[in-house]
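What follows is a group of structures, each given as structure tokens.
One chain, subunit A, appears in both complexes that follow, with subunit B as partner in the first and subunit C in the second.
And now, the complex of A and B:
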């Protein structure tokens, strides 16, 4: 399609919901209250592993204000390997019972009155321990690898070539072990839902979630109900980051509402938010790499051990992390083994940079180390080994499109002053040292995995005055997808951004949509929006063509007007086209009728091929050699975003990712007591996220390669900024003081210890 | 025992007398609340009556020539921005207030609350200790003056009785050639201290150290003075080697614990680093450099 000059897409327009959020007027699920609504609380396990021998809820039921108590006796509904409420608990914080009462206080007090007799079972908190044959078995009923304790079957084992042969051909073989910590999402709005049943037996559920239709499916299966009897409504969402894809607590909330006949709200406390919402996994990576003297790879092997915690939501990490071994660099022999292991710890699950973030730390750190040991500049090393466009990517056996990869590295290096600064070990203020480091990233995009290749769906309705209602199936969780989709619709239809309204999700109204995940939302749904808008434009052009007496192909639309391409002064307002299509009426009441059903369309879009997003990040840091503290001075993030539909939103996504990932590199870690498995820091006092005052200078470099797979050339950018940061910072620490930290986060104590042992 | 923080009643007295009457009446089950940034986070379940003292006329900073007087309701924001703390030894009051929390907390948190909460890691006690501050404490029974060193009795414990309020800090005018410094080590820019340290050095006109005070927080159940280290410095000409030795001694005087924030060993090691840094800076300032 020949592109006209863009007037809405590519502009840094303010988000359409910015004002209400900035002034604190947006109403999130946590802000909602229904008449007669009850408050629910969950009794959580004090033990990491135990059987519930007896549970007596009678005292709790008699407490004034308490309307219902549920235990496994009524709610042992199993989905996968987890029950809504079970007779066994598998981590400290697991669900034991639930109460609905007239106030949060009464519900909290009722929890204290529930009497539970536990048989405490031996527990295991470390995935490598949990794979030993003598480890206590946490899930006897799921497929496990024989003789390997809690190792979930299957082990994911794939690759290309023959690594053993590759190691023999190598001049050097490097081995290492890296670990990455549990990270919590820290959504400002906690997980929350409000369930309300109407007399017809229909359930309405308001919730803060990244996938309304996924939650509807969970509710339908958990409650054994048809999907048309469940309506899920998603008000503005206060952050998701991968945490919010539906939980069995949703079913629990609905059950309490059903039992009491009143609406019930179930809201996580901050502590529950930290402990129970499926963190980024603790992971262990054993790496082995064969290289020639000149830095050519001969073989790359990784064994990834992913701690799933108590339930198997993290199994996908183990399955997919090998993509990031195989995709970015050329190497004839690669092998990935992914182990998913149960432990008696909080479950792990999706988190921004899903499956990519931990393994990139290991692989990129190892590349920096190998380059150093071979005496090759890490940037040169990458330029030499990185995949080239057209090469077959053995991960999916499809030619790769690596446009943009080089440019990210080259531009980023130039901006940070790589050649000037690398290897200088610059001294400042006596005890401080400065260094620079780098890492690259690659990540999901739709079409990498067939099971993630779900179409985007969009529906456009046109009002008689030329304004637009856009309905999509995916949720705006703050990332700005509603605005971006509105821009796409406005661009395609030739109207202004403010002419387009995008409604938040109501599953009774909106078309179906998948999760907001895997950097897929814009590419899938945005594509559908453009396709739906193109259909509507065609309808408008057909009418306008008659009025202007030219063939429709000769028309163009812009700024609310349809005009003849070659004679732009010959045109007509879109609202006039619509009005003309309406039936003449003698009453001012009925003019809209025909116009409103003449225009409108629904469309789907399936991304045709996997074109990865590429990125490179460079960090400049300062180490205080006496305290071990690392201060990030500057981060340069160069990302191939395909095309920035909204420059402010794209930069915002990358900046937000950086904030989150500097925390991952330096301070964020959900810590467990090694003997009880209890989370030690479930609050912001001791789970340290970065504040605005901790942020370094940030340079975002947008590389635009116009991807043929994405709408207007766009690629997904929601996660990329998170992926390379930790490895780049660790590399910069090495550049500054000569020690490589292989266990995230890079705490001052680890750095001091390494300095001492150097 | 009560398990939840569910106060029965909330009072907002307008006068000191009213407040003291309420405290006397409800005793152990009552608690004064100032900014609430500690109390409402801690939520002690035993509290049944909240006496909000925010309306009392205790938000002031004045200098009567002999003493600097800071009302206990002064917020960290007012201390950070006060024109009285722009130079001299008092400057560390503003500097430590600057390092404290973030803007929203600074506007709420009071210096009285910081001291009375008696959290080992609190930032102001070491500063007040090196400045030789005294606390003015009142109750219906009268008034008493307690030095900062005698004020703390343990983790979250002070010498205050349940019917008393801390109303004012009194800081004597520092002698000439005095320099002071404060250093806080946190995990991020908004954190409670892993270790904090303050020092004040007064030099004679010939450059010999007349007096030295060193205090540390988060390294013992209460904020402590490093008296052994101070002694090493007094009446000596301070050079780099002596600073090193005093820092080492100060570190040996600490009794830190390990917790989620830091190991005891790290706290001990950092005590040395921090004391060295505050001594170097105090010395520079005392010399007018």
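And now, the complex of A and C:
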């Protein structure tokens, strides 16, 4: 491909789904209504931990308009450690019962008529408390580490070398404790599903989700049904960010529809969305680092405590977070211990920067601190210690390619004016101080763990006129994967973007696909698209070669035309190749038929090895020393994207990540009442995400390193922007006022307290 | 029964007194471009124009909209010809999941209808009630500034 100039890939083309969204015609799941459709509501627990002694739904059932009520008596279907409806509740907001009625009002009224008698149990809200032997046990039936309360078995313990030996060799040993808060995804479209059964026993389920086939699997297991009897359709999705990977509410909705024989829509309120969507975990990191005087690492150790909340969706965070300790810097001795702990709080789970965002705050903050204490510039410290090209990453045994790492740091530092600004503790307007800070990121794409190396699948069907239909198994949640994959197919086949149609997911039609997750979608599915397009191109070339009387390998395809490489004027339109392939037909019907069976392909693809995308972010901030307020003035985000298939989409991923990550640094925290475990701020007034007027000046720098492992050189870009920001801003606060805040978010209260205690 | 003027068409709708304008637009008139993001006037996804001003239709009773001119996102294009704001949002990559887009474009339209030469700060101020979790607002703001420029140069409306 290198000899051909790219004509579709690399261009900032408009997204193919932008038109219908711009005019308000895109129909999201929440916009759909079916004839006779009922509305469902869920009764949620007011207690953090309780047993349901008695539940009486008879009054609710008698309310006019109510068609069905479900409780654990009928729906105690257990998947993993969670039941669709259980006789025990484990956090404030846990599911107790569900109602389907002819209107939302009737459903809501019916919830109030359900009589529940609870036996309130002692509850625990802090993961370190929950690991004590005397803590109330939330899941007696799952594997727990003996004598450690709610600590889930296994503890993840891995690394390289011998850290004890490393600490002995160190000139200095630094220890610290960092914590990061719960963060809510805040998808603008709340979770929603519509279930409809037909008399053959087939279930159709429309939902707003990042993984249609995952939802199909959950429904199949929850309902004990064959997968071919479940059809999941995913209309346009109003944001995902890790929140939407299927939930037991899907099964509940299907059960209500089955019981009533009518379609049922289950739509989350904003409050439910905040409380139940499996937030980014509250996490605690104990760090211990050994260094030589010159800044060389001798040992790095982290104990990560991941608060899973009520159910174990967050266990993978504890498992994987060690990757980000081991990968970026050379250090002969590293050890990671990951603890996943149940508490009576909202479950945690995936969120943009899966397992990586919280631990990066701890690790990168600690590196900034150590560099400072050794009197080494944090940028130089990183340049010195980062892994070198060719070094083997002991985490996954893949050779490091560090060229993007340096470029991100150098370009970002230049743009922010690092050397001019760092360490000046600049005074402005009396009580205000300015500072700059930095942090780096690495995020594996596709996800680092072998069990997550699931292949991408793509299928291409060819029309007689040379236009194509592309089917993939992953969902466009707004990130633009449909457009990106269309560009890849168009480039490989030599057609234009508008020649490619990509349909949203229908599990009865599309090939299988995993979740849109782990920055893996483009890497896997994008690779499959190119492979499928290459197969179709080969078919086309074989036919064209006969027509042009040259061997197929001498052909090239571009702009709807196949031509001889060395004589570009000698060529044939792709549509003519298709029409003339095989025996000529006098009937237009057979022309189309011939296209359908002659051309087309399906391909699967797994990335052969993983090459990390690096990133470096630099923040310039201002601290008001009287109010403790931090204002971000500028954020420079330099990221190694491999190759931007669509510059506009890639920039958009990073810019959007920064809205999420600056909020994570400064304002976003899902807060719980310390005595009841109730979420205190389940709305946009009290849970503050950044508005247009809160955003600083943003500079996105795309570093293109052409990864040998990625399709057209690309790397996964969906999450990288979220990862280093909080540590960079915290470092800038230190640069401005000389205090290091070790607990996110960096609220005015914490900064003022630290300034007073200085 | 109330009469609503939506996108220049008069609709007679039977409503309950507590129904919001958003509910009537979406459920009774099938205009689902305005979205329910929070139902509390905090996210701006339900923004429509009432007599040219952006309002939160999730907090506005349908009955209060009688006698006013309502414009929704569906009323912005002329047939298949898009409004310059819509064009600019598409061209600049300002639409990701698209759930906030309708509200954002309508807030921007209200701004440009009274000020065709806004500064970036004025654009940010005008969009400050429209939450977006996807774009970081960078490209939407750019799109509004570009649309203003096109409209100043005589692009349609």
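Simple rule for what comes next: the second predicted complex is superposed on the first by the 743 of 758 C-alpha atoms of A that agree within 3 Å, B and C clash if a C-alpha of one lies under 4 Å from a C-alpha of the other, contacts with A are read in each partner's own complex, and residues count from 1 in each chain.
One rule holds in what follows: a residue touches a chain if its C-beta (ideal position, glycine included) is under 8 Å from a C-beta of that chain, and two chains touch if they have at least 3 such contacts.
Keep in mind that what you see is a predicted model, and the values were worked out from it rather than measured.
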Which superposed partner A:108 touches (first subunit B, second subunit C, both, neither): first
First (subunit B), second (subunit C), both or neither touched by A:627: first
Of subunit B and subunit C, the chain that contacts the larger number of subunit A residues: C
First (subunit B), second (subunit C), both or neither touched by A:680: first
Partner chain in contact with A:15 - subunit B first, subunit C second, else both or neither: second
Which of subunit B and subunit C A:658 touches, first, second, both or neither: second
Which superposed partner A:748 touches (first subunit B, second subunit C, both, neither): first
Which superposed partner A:693 touches (first subunit B, second subunit C, both, neither): both
First (subunit B), second (subunit C), both or neither touched by A:269: second
Where subunit A meets both subunit C and subunit B, residue numbers: 685, 689, 691, 693
Subunit C contact footprint on subunit A (complex, rising order): 12, 14-15, 17-19, 21-28, 30-31, 33, 185-190, 236-241, 269-270, 477-480, 648-649, 651-652, 655-660, 683-685, 689, 691-693, 695, 698
Subunit A contact footprint on subunit B (complex, rising order): 3-4, 6, 41, 102, 185, 187-192, 260-263, 266, 269-270, 273
In the complex with subunit B, residue positions of subunit A that touch it: 105, 108-109, 112, 626-627, 629, 667, 671, 680-681, 685-686, 688-691, 693-694, 748-749, 752
Residue ranges of subunit C touching subunit A (in the complex, touch as defined): 26-27, 31-40, 42-43, 45, 72-74, 76-77, 82, 86-87, 89-93, 95-102, 105, 123-125, 127-141
